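The letters A, B and C name the chains in turn, as written, and every chain counts its residues from 1.
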Amino acid sequence: MIENLSDALVLFLNVYNMIALAGGIAIGVIVGAIPGMTSTMAVALTLPFTFTLPPVTGILLLLGVYKGGVYGGSIPAILVKTPGTPAASCSVLDGYPLAQKGQAGRALDIALYASCFADLVSNLSLILLVGYLAQLVTSFGPPENFTLIFFSLTIIASVSGDSLLRGFISAGAGLLLATVGLDLIYGTDRFTFGNTDLLGGLAFIPLLIGLFAIPEILNGYAKRGETGKIAADPSGSRATFADFRYCFRSILRGSLIGVVLGAIPGIGGAPSAFVSYSEAMRRSPNRKNFGKGELEGVAAAEAGNNGVAGSTMIPLLALGIPGDVITAVILGAFMVHGLRPGPMLFEQNIDLIYALFIGISISSLFLLIIGKAAIHMFKHIASIPRSYLYPVVMVLCVFGAYAVNNSFFDIYVMVGFGIVGFLMMRMHIPSAPFLIAFILGPMLEDSFRQSLLMSQGSLTIFMRSWITWVFWSLTILSVVLMVRRHLAGRSPDVALPKVQEEKRDV
Amino acid sequence: MTVRPVSRPHALILIINPFQPEGLSLKTVNKRDFVLGLVVCALALFVLFGILPWAVKTPKVIPNLALSPTFWPRIILVSMAGLSALLAIQAYYSGIKSQDGDPVESEEQPFDMSDLRVIPTALLMVLFCAALKPFGVVLPSIAMLLGMILMHGRGEWPKAIGVSVATVLILYMFFRYVAKVPVPLGPLNGLL
Amino acid sequence: MTKMKLLAGIALAAVTAMPVAAQDYPSQPVQLTAPYGPGGASDLAARNLANVAPDYLGQPVLVTNRAGAGGATGSAYVKNSDPDGYNLLLARIGSHSISPALKSSMPYEWDDFTYLSLLEINPAACATATSKPYQSLEDLRAAIEASPGAVTYSSAGVGTLHHLGGIMLLDEMGFEDPGTAATHIPFQSGGAAAAAAATGQVDFVCSNISAIISQIEGGQLRPLVVTTPERVDSLPDVPTASELGHPALEALVGWSGLVGPPGLSDETIATWVEVLQEVAADERWVNQTKSLGSVPMMLSPEETVAFVENQYTTFRGLVEELGLQID
């Protein structure tokens, strides 16, 4: 063990590894901050450069890009309501209102602190719990996934704003549009109307940019009388240690949610951010302030999506199973160097694994330093006049949407949903439920149908293991709590904070 | 907590929407939701009966109804039609009478005159989409950027042109040479 | 005034930009479309080629991912692009021989393309989780016979090698209707399909060996048969399909190839044949391809067409015989 560790230190401790890790994070933050350029694309683009690097250096570079990208997405989400990556879409909900209040710096700071803390927790979980969590992963099949995602859908209630009915309608539209494309099970066409672009379904990123960024841009033209800066200079506000302590419980909870959801193949950062956000909201005494600029909301969302950044490596390293596209690319990097992740790697190349672990554990610190520098750099965005900022963001979105699939079709989708999103904004239909449903809808449908295929049509498969029971119970619990809270909130005689206090005593 | 007696519309709303949140009194639910509910309901029914039967293909043999490709879209559409109908009913009842029996006027119009100013911008975006095929991404982007800056009413011509051309060229260079995305140049092909 | 200048400038630019096409091929970067997402075997094969080919081509090769519909979206895009040689496609077994054989509503046929070369082949194997009781193909057959429909196999979606591999295996085992003998459970990707088999969620999977080799070596998957004519070096104990009396399974070989839109000029084809010969001799490309678990195999355009046609005809025959066509 000691011998392995010292071998690993020798393997890790060279200046190239440090440069690769720091450089990767810097590239990731910048690319993640560009709307449409996801961390997945950044990792795929970096991959060919790693062909010629030593394995540890190359993989650390990729991991750096990935981690930087996950954080970087939050910067434009907060500053210009344009999530740089899908996982950052939840950070928009409270980050942008905070920026509008002139607290962009505070929001960016807390996003960074939450991200780094969650990243650290996730990395430590990877290192310490890889064996246990890998066990958990192997017991997740389609029925378990179905119950997990069904539970996750209850968060739609938290992001529906002032009317649940409108939130549900928005979610319904998201679910429906997610069915466009080839049917997974039978390979038949659904709502494709003979169009080859629609065969692959609607891409998520153009839709995301369309629904968040473009309505805000259009709205800027309606209210051009009141122009000015988008928000005060972010350097004017900072997150204090008191802020961090105030959000700490949500950050910790979000990190743990991220760790567990990240370890399960195929879930990813966006659902984790939303679950973490919804949990933070459910437990906060300032529940009503969520969605209107609540610092804890930003912290919870960012903790949730960065919490997956370490644990996604668990199924890859322990079982050789890539849980998402990014780990699939990283798997490619391993294979290019003749390494095959899986149990054998732990036996044959334990020094390499430890070297990676050492690199991964200091990546959180690098992220903090580089993220701080990035905030310093990007804060100038907030001082650009709206008349220039909005159009430039629009063109940036165009390039980003094109880059997703190198297709004009995605730009049409983005503009089309931008106009739809503007109408939704005016009709007070929240767009967050739409997005969550669009992400989770296919996972829900696929896992449901896969389960039924496995059981030859018997519904009892959804009760087959303790995991399904846990998620069913959580679902029922959260629905009951939701109903009770809303009924309690209805009565005008009872002040809300008081209700909260009583509940906590129970 | 004591349960207070509720008037008829109140009770109805309690049934159809037990989650009516605390911040909103009944008076504020208005014509907007009524129209929205009807439109969404009509759309959902139209897709369910008018489009789905021919736009979603089903295989010849399906072992189980729930496995059919049409199963989920059907469930979603039926729920949407139901929920939007509820929204309309709720808005209708609460919109006519308030708790005290007074007629209630809609407090907030979803659209006002200032929204007319959005139309040229939206049109510019649509025109931009139409220009992509013949002219590539770069030239239409410069034109749209310029148009949007000027439409905002604060830009001056020389500065606006400078910003438009420079921004798009920088973006092009970044995507082409750093991100390795060959952004279509259209007529500029071979120049950059 | 300034507006006029700008317009004039744009017009001028448009006029001066014309003569590109007249120059010798290639005079600008070549776009290579990978019809699947980043990180997959098709993407890696494309990036590997793009890493080496520019040295011999004299122009960069830019890999762009156009994923969707099991490779159909990206393939249709290249099929409909100009045959100027600047839009090429990394074709795969799924997009170019299985899907066209299986689906009647594909936006292209297998022979709608100009085939430049085969690049590599990926031998396939069928495997089961080590936690399952099946020690051999015969055990699996007995289990399927004992309870029709209860045995499951995973795939990366309809029209993939995994899907057709399962059907072919069942057909070879002698089941009347492979559609109902065992249950096909599609997943979103090859990784997810392999994971479902390795964790025992499904009973077996047929996959390219490179995608499941780490689970095999890690002791989670037990290979039952390989589809190569000879035994595979890395799996010396696993019988071949012929040894088990199912030589027809040898058609089940994954491949990557380089193709262009219909009507590529002879000059373009000749350029690429030359370039690819040098790529095939380049150690970097050969080593990368091998380390990704594939077997480098460059074929001439004619041989490539014959190879794909042979595979397509086999699959098409099977689909028609079993009535598996998807409308």
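Just so it is clear, a residue touches a chain if its C-beta (ideal position, glycine included) is under 8 Å from a C-beta of that chain, and two chains touch if they have at least 3 such contacts.
The structure displayed is predicted, hence computed values, not measured ones.
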Report the chain closest to the protein's overall CA mean, measuring from each chain's own CA mean. A
If you tally the C-beta contacts, which comes out ahead, A-C or A-B? A-B
Dist(centroid_CA(chain B), centroid_CA(chain C)) in Å evaluates to 39
Compute the distance, rounded to whole Å, between the mean C-alpha positions of chain A and chain C. 31
Whole-Å gap between the CA centroids of chain A and chain B: 22
Can you pull out the residues of chain A that are in contact with at least two other chains? 41, 185-186, 188-189, 406, 453, 456
Per-residue overlap in chain C, given as positions that touch at least 2 other chains: 31, 64, 326-327
Residue numbers of chain B (touch at least two other chains): 57, 59, 180-182
Given the complex, residues on chain A that touch chain B span 31, 37, 41, 45, 157, 162-166, 168-169, 172-173, 175-176, 179, 183, 185-186, 188-193, 214, 217-225, 227, 288, 385-388, 390-392, 394-396, 398-399, 402-403, 406, 408, 411-412, 415, 418-419, 422, 426-429, 445, 448-449, 452-453, 456-457, 482-483, 486-494, 496
Name, in rising order, each residue of chain B that touches chain C in their complex. 57, 59, 61, 139, 157-158, 161, 180-182, 187-191
Give every residue of chain C touching chain B within the complex, in rising order. 2-3, 6, 10, 13-14, 16-17, 19-20, 28-29, 31, 62-64, 179, 326-327
Note: in the complex, chain B contacts chain A through residues 1-2, 4, 17-24, 32-33, 36, 40, 44, 47, 51, 55-59, 63-64, 66-67, 69, 72-73, 76-77, 79-80, 83-84, 86-87, 90, 110-111, 114-115, 117-118, 120-122, 125-126, 128-129, 132-133, 137, 141, 144-145, 148-149, 151-155, 163-164, 167-168, 171-172, 175, 179-183
Spell out the part of chain A that touches chain C in their complex, as residue ranges. 40-41, 43-44, 47-48, 51, 137-142, 181-182, 184-189, 196-197, 199-201, 265-266, 315, 319-322, 325-326, 328-332, 335-338, 340-344, 405-407, 446, 450, 453-454, 456
